[in-house]
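One chain, chain A, links the two complexes that follow: it is found with chain B in the first and with chain C in the second.
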Partner chain A sequence: MVVLLAALAGAQVVAAQLGGAPDQPIGFTHLTHATTLQIDCTFCHRNVTKGSTASVPAVQQCMFCHAVVTGQTPLTQQEIAKVRDAFQNQLPIDWVRVHRVPDHVRFIHEAHYTGLRARNPGISTQNLCATCHGDVASTIKVGQVRQLRMGDCVACHRANNAPTDCTTCHK
Partner chain B sequence: MELTRRDFLKISGSSAAGAVLFAGCTPPEHEWKLESPVLLPEDTLTSFENWYASVCRQCEAGCGIITRVVEGRAKKIEGNPLHPLNRGKLCARGEAGLQALYHPDRLRTPLRRTGPRGMGQYQIISWDEALNELVSRLKDQQAQGSAGAVALVTGPLRGLEAHLVTRFARAYGATSLAYAPLEETALQAALKQLFGQDTYPVFDIARANYILSFGANFLEPWISQVHYNRAYGEFRQGQRTQRGYLVQVEPRLSTTAANADEWVPVTPGTEGVLALSIAYVLIDRRLASPTVAQAMTGGAGVQGLGAFRPEEASRITGVPAERIEAIAKALAERRPALVLGGLGPAGHTNGLFNLTAIYALNFLLESVGRPGGVLLNPAPPTPELAARAPASPFLEWQRFAERLRTKQPRPVNILMVHDANPLYGLPPAVQFGEGLKNVPVIISFSSFMDETTAMADLILPDSTYLESWGESIPDPGPGFQAVGFQQPVVKPYFSTRSFTDVLLTVAGELGGQAKEELPWNTYKDALRETAQRLFRLNRGSIRKPDFESFWNTLLQEGGWRDEQATAPRVDLRLPVLARQSQPPQFSGTDKDYPFYLHVFASAGLSDGRGAHLPWLQMTPDPTTTIMWQSWVEMNPRTAAALGLRENDVVVVESPQGRLETMLYLYPAIPPGVVAMPTGQGHTYLGRYAEKRGANPLSILAPMATAEGGALAWGATRVRISKTGRQYPLPKLEGSVPAVQPEDYTIIPVTDLRTR
Partner chain C sequence: MAEERKWGMVVDIDRCTGCQACVIACQTENNILMSSEDIVQQKRAMVWIRIERYWEGEYPNIKARFIPVLCQHCENAPCEPVCPVYATYHNNEGLNVQVYNRCVGTRYCANNCPYHARVFNYWERHTAAPHMQVYPADARAAEPMNEYLNPDVTVRTKGLMEKCTFCLQRIRRVSRQATVEGRAIADGEVQPACVQSCPTGALVFGDLRDARSQVSKLAGDQRAYHLLEDLGTRPAVTYLKKVDPNARATSPSH
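Up next, the complex of A and B:
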């Protein structure tokens, strides 16, 4: 038994990585897009108002602007070139996932988006999304800012008078 | 050492073995990848949609529409919820407006004829060239002092457009006429006589308790289908104590009659007698107010109407006397009662007599000026919006055709046609086509190559209503002042220009009085001036501190309305009921031509102007379910006597002409009547309309109502003969065999004529 314990010590199950902001294949900044350019979150994450996932935009959508916008500094030019190359070569971009809830959870972005809109009339989309995702609009690299564990979910559901039946979230 | 479950989980949770053990609980590596696909999924919009408010011009009513526009392309038309006429609803014809925009056979550029007339040989020219030619020809006429030899033919116009056209015609000295195939001039004359208004009054169907309709097909294309359909919904199912009761009087069971509680088949052209007989019963049984009755009989009392005793009327109309009494009693009991008359009674030589007798019943029932009856509409808010160029009655057209043919009293050297197709709609007996041959120059402003445009020498194609500016006072009005504003929701798809803009350009080039009368550069300028006047009224639905924000809101909401601005209360003079009946005249004797030809407006194609739109062609007729074709309806018993079967190709022959079409057996038409829908039988108007079906207007006799001179399209008698050929009618009905359930036998309906 002792041997077993010693041999296995120190290992950790990989869980949701609170605070971690992983490196991404392209140096995309929400700061530029969401704050400087004031592009609405739902313009790129277009499924957020419609379905379960918020969805990352297709490369084609990046090309709406980047077919023309090539960047002003060497760094941005280099990063934007990656997007343009990907589109030219018909290659998808593999981003690193930041948020992931366990498999037994059914999370629907649309319900949260609609619910928060109804409870906070006139709220900006950025502030609405910030409820769970933090101030993404002013970050350069996105990381997870909320636990997004069950206690966290239930506390928020209670506070907002949302249903707390097991089957609301659990599959 | 005892290992509890809790300890086991603790240990394994923090050990390497645990990592192996719980590997299944961790998302696999690839799930931490989030892939941006290269292309957008097909079901995702690649851009944002915009909805622009405008006005529908598919018929003359002028419903408000909102159009969904994505990347500069109009995608869908729906009703504008803010518009008082249709309140968010729209009909099939309105929705099909999109197909006019994208029609493959639209005229795309100005054209000049190169071959012989009518052969369709045209040369593409530029707008400058086309306008130069138009202006120089008009200037030539002016220089020769024969400006009066220029004629301008349009569709029925209202508001600013009518204002512009009449001003142009006056300034230049041209003759101006308006054309509509199923003209409502008899109805408008009757309404003017009784209610003193040029516009339609409000028929308050929604709040009526009982409606007696004489061929007023208000659930079909009649005045404003959408407006009346919506009201009909409230009439039947609104929040009220009693469900509204509808009685439809007409020779053929139309869609409206099929929705009615009672259908009263009547001999064509005798509707006025029936109305007066009902008046007789109302007065005789003291069901109407004695003072009103006294006034409306000119003091003579019921004796004045002696000719219309139910027994007498029954003989003429074919409606049993007991039924006339029952209808009169129900009318008096279930107030507010509304009495309407439509195309059927209007389309006879005694049309005005019929309609005045019918609408006068509203006075006798004291329904005028009351909710649920007939209410008056106020005048439009500004004088230029009150301008009207209504359809010229048939008689005027007959005279015009004669003028073309005989060049007397003076010839027509230039004929300009916009939004009118008299060559299709006028009965050939008028010989309008012959007359056109004498016109040296025909200029068309049509969006499509219709029958009249095909004769044109110069074509300056109009933009569709989705590409141009405009405005429309809804007619029938909603009972208060309202103006709908039409804006281009998309840029012109082809090299077309709106007729009104061309007219203003021409006026500018002509200079002189034309320029003075029409000082605007574009129609939008004229429209903004009208909007300025509305802005200065400072009342109604839009009140803004400055004009620009007023204008923006005006376009955003699709119009302006002031629900407080209702018609001023006027005490209308009570009409005196006719003492003598006017029997209808018919073309053809009943011996040679045994059937009355009842022409009705097609639900989809209306008077034929929708025939080029496939969506409307494929809209099944509500009663027969036939599409893409025309047909003639006949009672099965009559058909059996003639040895005719359904799908037989038959010849329908009148003294004025003949046509071939398919026979449809319709039990709900009296034996002496055959019926045909309008709309088909085009020789031009694009690939979906051409060489399809037959046009009943082409065999009509050139007969007009005794007063007013409107076309009496019900005054033609026909005979039917066999060709021996068959052609299956394209219809939905009967495509699935009906199965008689064993437990329920179909209950036979008693013969309606004996009730």
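Up next, the complex of A and C:
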């Protein structure tokens, strides 16, 4: 774990070169949700254990809590109001996409989630996701921390004894 | 990964009516560029499976016969050793794989393929400077044909060799599903687009290593033969054709 964190700390420097963390339409913080409140990543990103996309939660899912939780400071109240307004007006939230692999890559979140779980018994979901996404749980704005280029993928596949046949990822 | 499967196909020519449903299904499934009339006239049409027509008998007792020809996924593929960049290789499931990202378009493989199964893409899709698109998925075909593209298959650009993949994306989808459910892939569960669309069931796809699969049984049929068998390419596609023992021998010049 120490090695992993050290590697990620190194990767954080690269993040700026990878575009850094874009501004999002709502000041959502993973720090509050994942670290302070200890909500499991898969509670919101539901499809991550089932399919290829991790999925950004529907606004309705935010309302599971935010129908009641309105925020304690003026700033949080202002941001949470945006979510409630979006839900009431039936408008989607235009989140800015952070991670994207090219069109010729077939990436399946479920396979990586399952595979990493099997190889690291007892790993927390946050640490599992951090393998590629970095320490999202303690960030305010999410940015890309790993190259996610082919060399990066293949190195990890080799290290974890995952298949390296071209057709595994290339479609 | 251990060598668990060897995908193969059986084409029953006696059942083929030459309806071309497989050609259209393949084109739709695999984002193959639609060949317009002028493209066909230049003999640069894009097809991964084609129907070859031939005649049997003499007029007036003449019959039209059809052979669907696709990549034979040869065990001893002549296309593979000639690629200078290793863009085509044999994977552990018996598939002859074309890696588009590696292909530099030398076309040696197509020259060496005795089945004319490989097609070179001379054509650019009608996009605004497609080579400038980092993610061509966003603007890869002209309206309204951008809607028909299959997201599971890459949209190839100009200058690449293409060929039948046995609908690799479908194989992958089914095998992942089977892994998740902790079971083996059932016989007939994987169906390439051509097999699925064949109205007479002339095409059968499956695992040749599984002796109980339908494709294995048919491949051992009395009528079985391989295209250009004497070349020793050992194709994964087996053809079935009944030869009439009472038929008059056709002249050698035929």
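The rule is short, and it goes like this: the second predicted complex is superposed on the first by the 153 of 171 C-alpha atoms of A that agree within 3 Å, B and C clash if a C-alpha of one lies under 4 Å from a C-alpha of the other, contacts with A are read in each partner's own complex, and residues count from 1 in each chain.
The rule is short, and it goes like this: contacts are C-beta pairs under 8 Å (C-beta built on N, C-alpha and C of every residue); 3 or more make two chains touch, one makes a residue touch a chain.
This is a predicted model, so every value here is computed, not measured.
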Once the structures are superposed on A, label A:Ala86 by its partner contacts, choosing first (chain B), second (chain C), both or neither.
first
Check the residue A:Arg46 against both partner chains and state whether it touches chain B (first), chain C (second), both, or neither.
first
Please name the chain, chain B or chain C, that touches the greater number of residues in chain A.
B
Determine, under the contact definition given at the top, whether A:Pro57 touches first (chain B), second (chain C), both, or neither.
first
Return first, second, both or neither, reflecting whether A:Val68 touches chain B, chain C, both chains, or no partner chain.
neither
After lining up the shared chain so the two structures overlap, which partner does A:Val96 touch, if you call chain B first and chain C second: first, second, both or neither?
first
I'd like to know which partner A:Ala159 touches here: chain B for first, chain C for second, both or neither.
neither
Which chain A residues come up in both lists, the one for chain B and the one for chain C?
100, 102-103
Where on chain B does chain A make contact in their complex?
1, 3, 11-19, 22, 25-27, 31-41, 44-46
Footprint of chain A on chain C - complex, ascending
1, 89, 91-92, 95, 97, 99-101, 134-137, 140, 152-155, 168-169, 172, 176, 180
Sites on chain A touched by chain C in the complex:
100, 102-104, 106, 108, 110-111, 114, 163, 165-167, 170-171
Over in the complex, which chain A residues touch chain B? Could you list them?
1, 4-5, 7-14, 46-47, 56-62, 86-87, 90-97, 100, 102-103
